[in-house]
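Read through the structures below before going on.
In the two assemblies presented below, chain A is common to both, partnered first by chain B and then by chain C.
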Partner chain A sequence: MKFARSLLPFIGALVLAIPARAAADFQPAIVFDFGGKFDRSFNQSASEGAERFKKDTGVAYREFEITNAAQREQAMTQLAKRGASIIVAIGFTQASAVEKVAKQFPQVRFTLIDAVVDLPNVQSVNFREQESAFLCGMAAALASKSGKVGFVGGMDIPLIRKFALGYVEGVHFVNPSAEVFQNMTGTTPAAWGDPTKGAELAKSQFGRGADVIFHAAGATGIGVMQAAKDAGKLSIGCDSNQNYLHPGSVLTSAIKRVDVAVYKSFDAARLGTWQAGQVVLGLAEQGIDYSLDEFNRKVITPEMEKRLNQAKADIIAGKLKVSEYKAQ
Partner chain B sequence: METYTLIVLLLAATIRVATPLVLAALAGMFSERAGVIDLGLEGKMLGAAFAAGAVSAISGSAWLGLLAAIATAVFFALVIGYACITHRGNQVVAGMAITIMVVGLGPTLALAWFNLGGQTPQLDGPGQRFVGLAWPWAQSAREVPFPGLVYAELLSGHSLIVYFAAALVPLSAWVLYRTRFGLRLRAVGENPHAVDTAGISVNGLRYRAVIISGVLCGVAGASLSTAASSGFVRDMTAGKGYLALAALIFGKWKPWPTLGACLLFAFTDALAVRLQGVALPLVGVIPVQFILALPYVLTVLLLAGFVGKAVAPHAIGVPYAKEK
Partner chain C sequence: MSAPTKLPRWAELALLPLLNLGFALLLSGVIVRLLGESPWAALKLMVAGSVGTQEGIGYTLYYATNFIFTGLAVAVAYHAGLFNIGAEGQAYVGGLGVGLVALWLGDAPRFVVLPLAILAGAGFGAAWAFLPAWLQAKRGSHIVITTIMFNFIASALMTYLLVNVLIKPGQQSPETREFGAHAFMPAAHDLLARAGLTFAATPLNFAFVLALAAAVLVWIFVWHTRWGYALRVAGENAAAAVYAGIAPPRSIMGSMLLSGALAGSLGLNELLGSQHRILIDFTGGAGFVGIAVSLMGRNHPVGIIFSSVLFGALYQGGSQLSFDMPKINRDMVVVIQGLVILFCGAMENVFRAPLTAVFARFGRSKTGL
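So, the complex of A and B:
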């Protein structure tokens, strides 16, 4: 697998950096973000990775679901104190907690998803979300009959702006005159778990003429997809493959293989090949993709598939550049 | 025409968003008019939302879910009643206690029963939700420019609970001001001693008031989990109970002004959703952060400047002791 190979160069030094523990007392742990591990999206993907690791290796893992901001640091400190070998922190909001706790426990390995912390015992895994968002934008523009499509973001943060920008570029790549409506759900982490508001935002965009909506909003997106189903319109899922939620109404999903990242991180730590530093995963590394399965077969036409795969190949080959959102 | 469409859609959204608020605020009105502070609104609503989501998921019937929601909310209302009316406990404490308990209880039970991390399963089977009811000819009416759109978007297409809430406002006003029960209810909140002297049971009336509050909270909760969205999620009331309480005070404990307050809160919320990313004449595109803060800013301004003096029922929060 390409992803595995991309990690190979790191493998050498890391065995020396952190002494591998005996397999018997290897204790992986995972800290989920707001939205919870059953958000059918971002956190759930992480949870699936951890579950798969447990199934494959028989090693149980500890987990913690955040319900308020103050718990992050406590949870990580507790896990570290109780002898966790590696703690995977899901979500950019965990960055400051990881930074603090990683300094206190230099012998514990941390993997942070979606943010960067520069410490000798922290691995930061990031994704080029703009690439899958670009493909979803293309799919939306190809499927739209009205020439108007929508985007519903969760919390208004650079990561979600990254999705939005890639999406808009993808839409305009197919149809330069298409109109894209953009909404953010909120400015606090509560914006990841408000399906009622998500549905309301979707309804407002449908009301303005949109017929495809892409959400990057965690559990809030459940409401977006439900509203699309109720209105007989299309939605695009995010992070996990959400095609199965409403077969025929979900056009595709921007998959972010958080599960792969979690699995690899646990497994590398178990084998002693875990490496601190930055890892960036995109289409080329199969860290992200758009989804095509039996649930959305009918809504993705062969022509659409052809164009999407062409664009995918071009992005991987570097012929097609997707801009990356830069926070001011 | 574009603007007109936007306005009609905005008003339609206002109606949807206002529904749980109106139900909860009227629930609070019955309770508080009888002299029992209803800080448990949030908790009763959340409990009801959970019950509706869970029962509808298991049984496949939104109506059974609604019944379960009402039963749950009435149960919590009776717990509050038992503590505050029978045993003359502190009403604020009892209401808060129920709310705090339900916030934890809902997700815990959901986790135990469904193993979905504190949510109930997604409701997508037929009859599991209260879906929008399309009125006759709504689709074709859309073609008629002016009244057609109002008919299709504003009047048609809401769930049954929305129409129920709309009918409830005049009904509550009638019960409160035109019936013997309403007169007694108001009297028991103003001067329970007088009611007692007249040979009517103060506690009996107050119990009936909290039960009505429970029933309405039940419907409000069911509207959240089985009409507005599809299933219960953690903290899904998101402060709507307290907002309803604010609307009640804003509306001076009267049905019609309370409806006005609820609609105003809902309107600012719906407006905030729709103003995002829309270029307005003269000012251009307004930053998202400002838009998201707008409902709160507007609420503070209106509460501070325009509401005038709100006088609470005289005996509110005072447990009634017969011997005094």
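So, the complex of A and C:
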């Protein structure tokens, strides 16, 4: 409900906004990473934020989807040269490119999502994914009848371990004796786009007795969720709100509001309130959350909702600490 | 049709590839048209973006450098009758060798680091080709299967190392720290500036020259040495090779190790020349493009250089295209690249028969060439 309500103004704006003539000197730009802007997950969320900004303000933006590592720097350099006012770089893999290009173009503003670059013209936006993963772990443990739950990650990288760690803590917070099966899909970036393998991993975890699986695997997760639907079990979505994919079979989603981060960054740059530095978005800042809408209303019982919201309040208040995975 | 006549050499080497390329572009143009953009404007953008500016040329040749290395790697194996699908993995592990040297000795003088990095890249790449080669030579395990498997093993190994061992502490991205400045391959614009010429800043670097040198060495090795001769004989006909006193297992080992060493040199361009750190998936599919490059270049170093530049131009022109024409997204660019591979690689013989017929009819007097 809350999520649906938060969408209302945007839907309204979508219908009503008459594109105003934009100030010609403000040119926002966005660079997506390997996943591409239609990954139904992380990059897509960013793309939606940018689209919404365009609808609301009438300001067009430039975009680029990279296909190889060298293009990150190339795209940013080119955008900067062509007079981009702000460049939003999506994904931690862009950090080194942002660092290089931001030094060369000190007058251009950069917003980097999911990594930190410490420069006077770079804003680094990070999320406390472990907090939503924790809540999803709690939801999984509360919904599980077998006391066994699963996790399917995409590529085995620190970010995904961060999800996994928060999830496991959440599960054990509710049920200390619960068993958590963990699988990573692969070791290449292909692991983000392999629904078939995602489904296989999910099936094997169901076979071992799991009845709820959380995925943090981009498009691979589509397969995880399909397998859960086919087996009559539950899945938990990631990054975007994926509850609508299989109503009744998706327990909830760990939402990461990349769209809000992109939108805010563009808008702040437009209004001149943009600031460099580090921004960390967690539950308290509504940068992340678990999702509750009409699609999963039936699977989240009022008791579950109560416990989840209690934990959420405790995390926000600092009474409940969730560990963060640190790359050594 | 009459008995197959041979095409004149110039038609074989220039006309046929150009015809294939032309048809690929024509078909791409149709698709661009269907997407509602002007094919002519798209072509102009691609050409101008890839060879029309200093930056375009720099990026084109920078991509081409990768393809020359992997293309040569595929070609050397091909001449020994082996289809090396593993250039990708060999390049990846070769890059590890290059990167380790650069990380350890990044502050040592350049004339120490760079030769060692070159040796390490070649050595690691060759080492990664060793097992598949040995399995093929001694056990008859098919090289296509084993090299594909080794690509995945390479990927798993590199991810493990980058995530758990080599990662720069305290960051998300599985990358090493930046190499010491002495381990950077000299950039083309710096080298040209020293010669008094100004050139736009691009990732093009000295590795391009090394790639050209590698092409010359491959040419000498394959066509002008006894080992190269033995390798080609064993590739053409293993039984005849044995009869001639050549041991096919030895030429299998030799060609695969050389192939791995060439692929492993990709890191010189990509890591020392451009990224200056080891990062996940830096090969970006160049090992597979190398197969297309080698086939299109008829497995000859000169052909490989030309087709590498063509593919470099497609990469660079394609990214320029998707940059300036939002309707042509990166997937569309892959389609265009795929059509070029299809026409120039897989279907290169489609136009051969008609072309031969045309030459047979009109050029009968000239066929004595």
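Assume the second predicted complex is superposed on the first by the 305 of 328 C-alpha atoms of A that agree within 3 Å, B and C clash if a C-alpha of one lies under 4 Å from a C-alpha of the other, contacts with A are read in each partner's own complex, and residues count from 1 in each chain.
Following the convention adopted for this analysis, contacts are C-beta pairs under 8 Å (C-beta built on N, C-alpha and C of every residue); 3 or more make two chains touch, one makes a residue touch a chain.
Predicted, not measured: the structure shown is a model, and the values here were computed from it.
Visitor: For the three-chain model obtained by superposing on chain A, do chain B and chain C clash or fit?
Guide: By the criteria stated at the top, chain C and chain B clash after superposition.
Visitor: Kindly classify A:181 by the partners it touches after superposition: chain B alone (first), chain C alone (second), both, or neither?
Guide: A:181: touches chain B, not chain C.
Visitor: Give one of first, second, both or neither to describe whether A:222 is in contact with chain B, with chain C, with both, or with none.
Guide: first
Visitor: Taking the superposition as given, does A:36 touch the first partner, chain B, the second, chain C, both, or neither?
Guide: A:36 contacts both chain B and chain C.
Visitor: Touch test for A:156: chain B only (first), chain C only (second), both, or neither?
Guide: both
Visitor: Is A:312 touching anything from chain B or chain C once the two structures are fitted on A? First, second, both or neither.
Guide: neither
Visitor: With the two complexes superposed on chain A, say which partner A:193 touches: chain B (first), chain C (second), both, or neither.
Guide: first
Visitor: Per the contact definition in the header, classify A:69: touching chain B only (first), chain C only (second), both, or neither.
Guide: The second partner, chain C, only.
Visitor: Once the shared chain is lined up, is A:245 touching chain B (first), chain C (second), both, or neither of them?
Guide: A:245: touches chain B, not chain C.
Visitor: Touching A:109 in the superposition: chain B (first), chain C (second), both, neither?
Guide: Neither chain B nor chain C is touched by A:109.
Visitor: Which stretch of chain B would you flag for clashing with chain C, going by 99-107, 189-197, 207-215 or 261-269?
Guide: In the superposition, chain C collides with chain B along 99-107.
Visitor: Using the superposition on chain A as set up above, list the residues of chain A that contact both chain B and chain C.
Guide: In the superposed arrangement, which is not itself an observed complex, chain A uses residues 36, 65, 67, 156, 187 for both chain B and chain C.
Visitor: Within their complex, state which residues of chain A touch chain C.
Guide: 36, 62-71, 73-75, 78, 92-93, 95-96, 114-116, 155-159, 187-189, 326-328
Visitor: So in the complex, which bits of chain B are touching chain A?
Guide: Touch residues, chain B against chain A: 5-6, 9, 13, 16-17, 116-119, 122, 124, 131-132, 153, 224, 228-230, 233-236, 238, 270, 273-274, 276-277, 288-289, 292.
Visitor: Can you tell me which positions in chain A touch chain B when the two form their complex?
Guide: That would be residues 36-39, 65, 67, 156, 181-184, 186-187, 190, 193-197, 199-201, 203-204, 207-208, 219, 222-223, 226, 229-230, 245-246 of chain A.
Visitor: Report the residues of chain C in contact with chain A in the complex, numbered from low to high.
Guide: Per the stated touch rule, the residues are 59, 62-63, 152, 155-156, 158-160, 163-164, 167, 169-175, 178, 203, 270, 274-275, 277, 279-282, 284-285, 315, 319, 322-323, 326, 329-331, 333-334.
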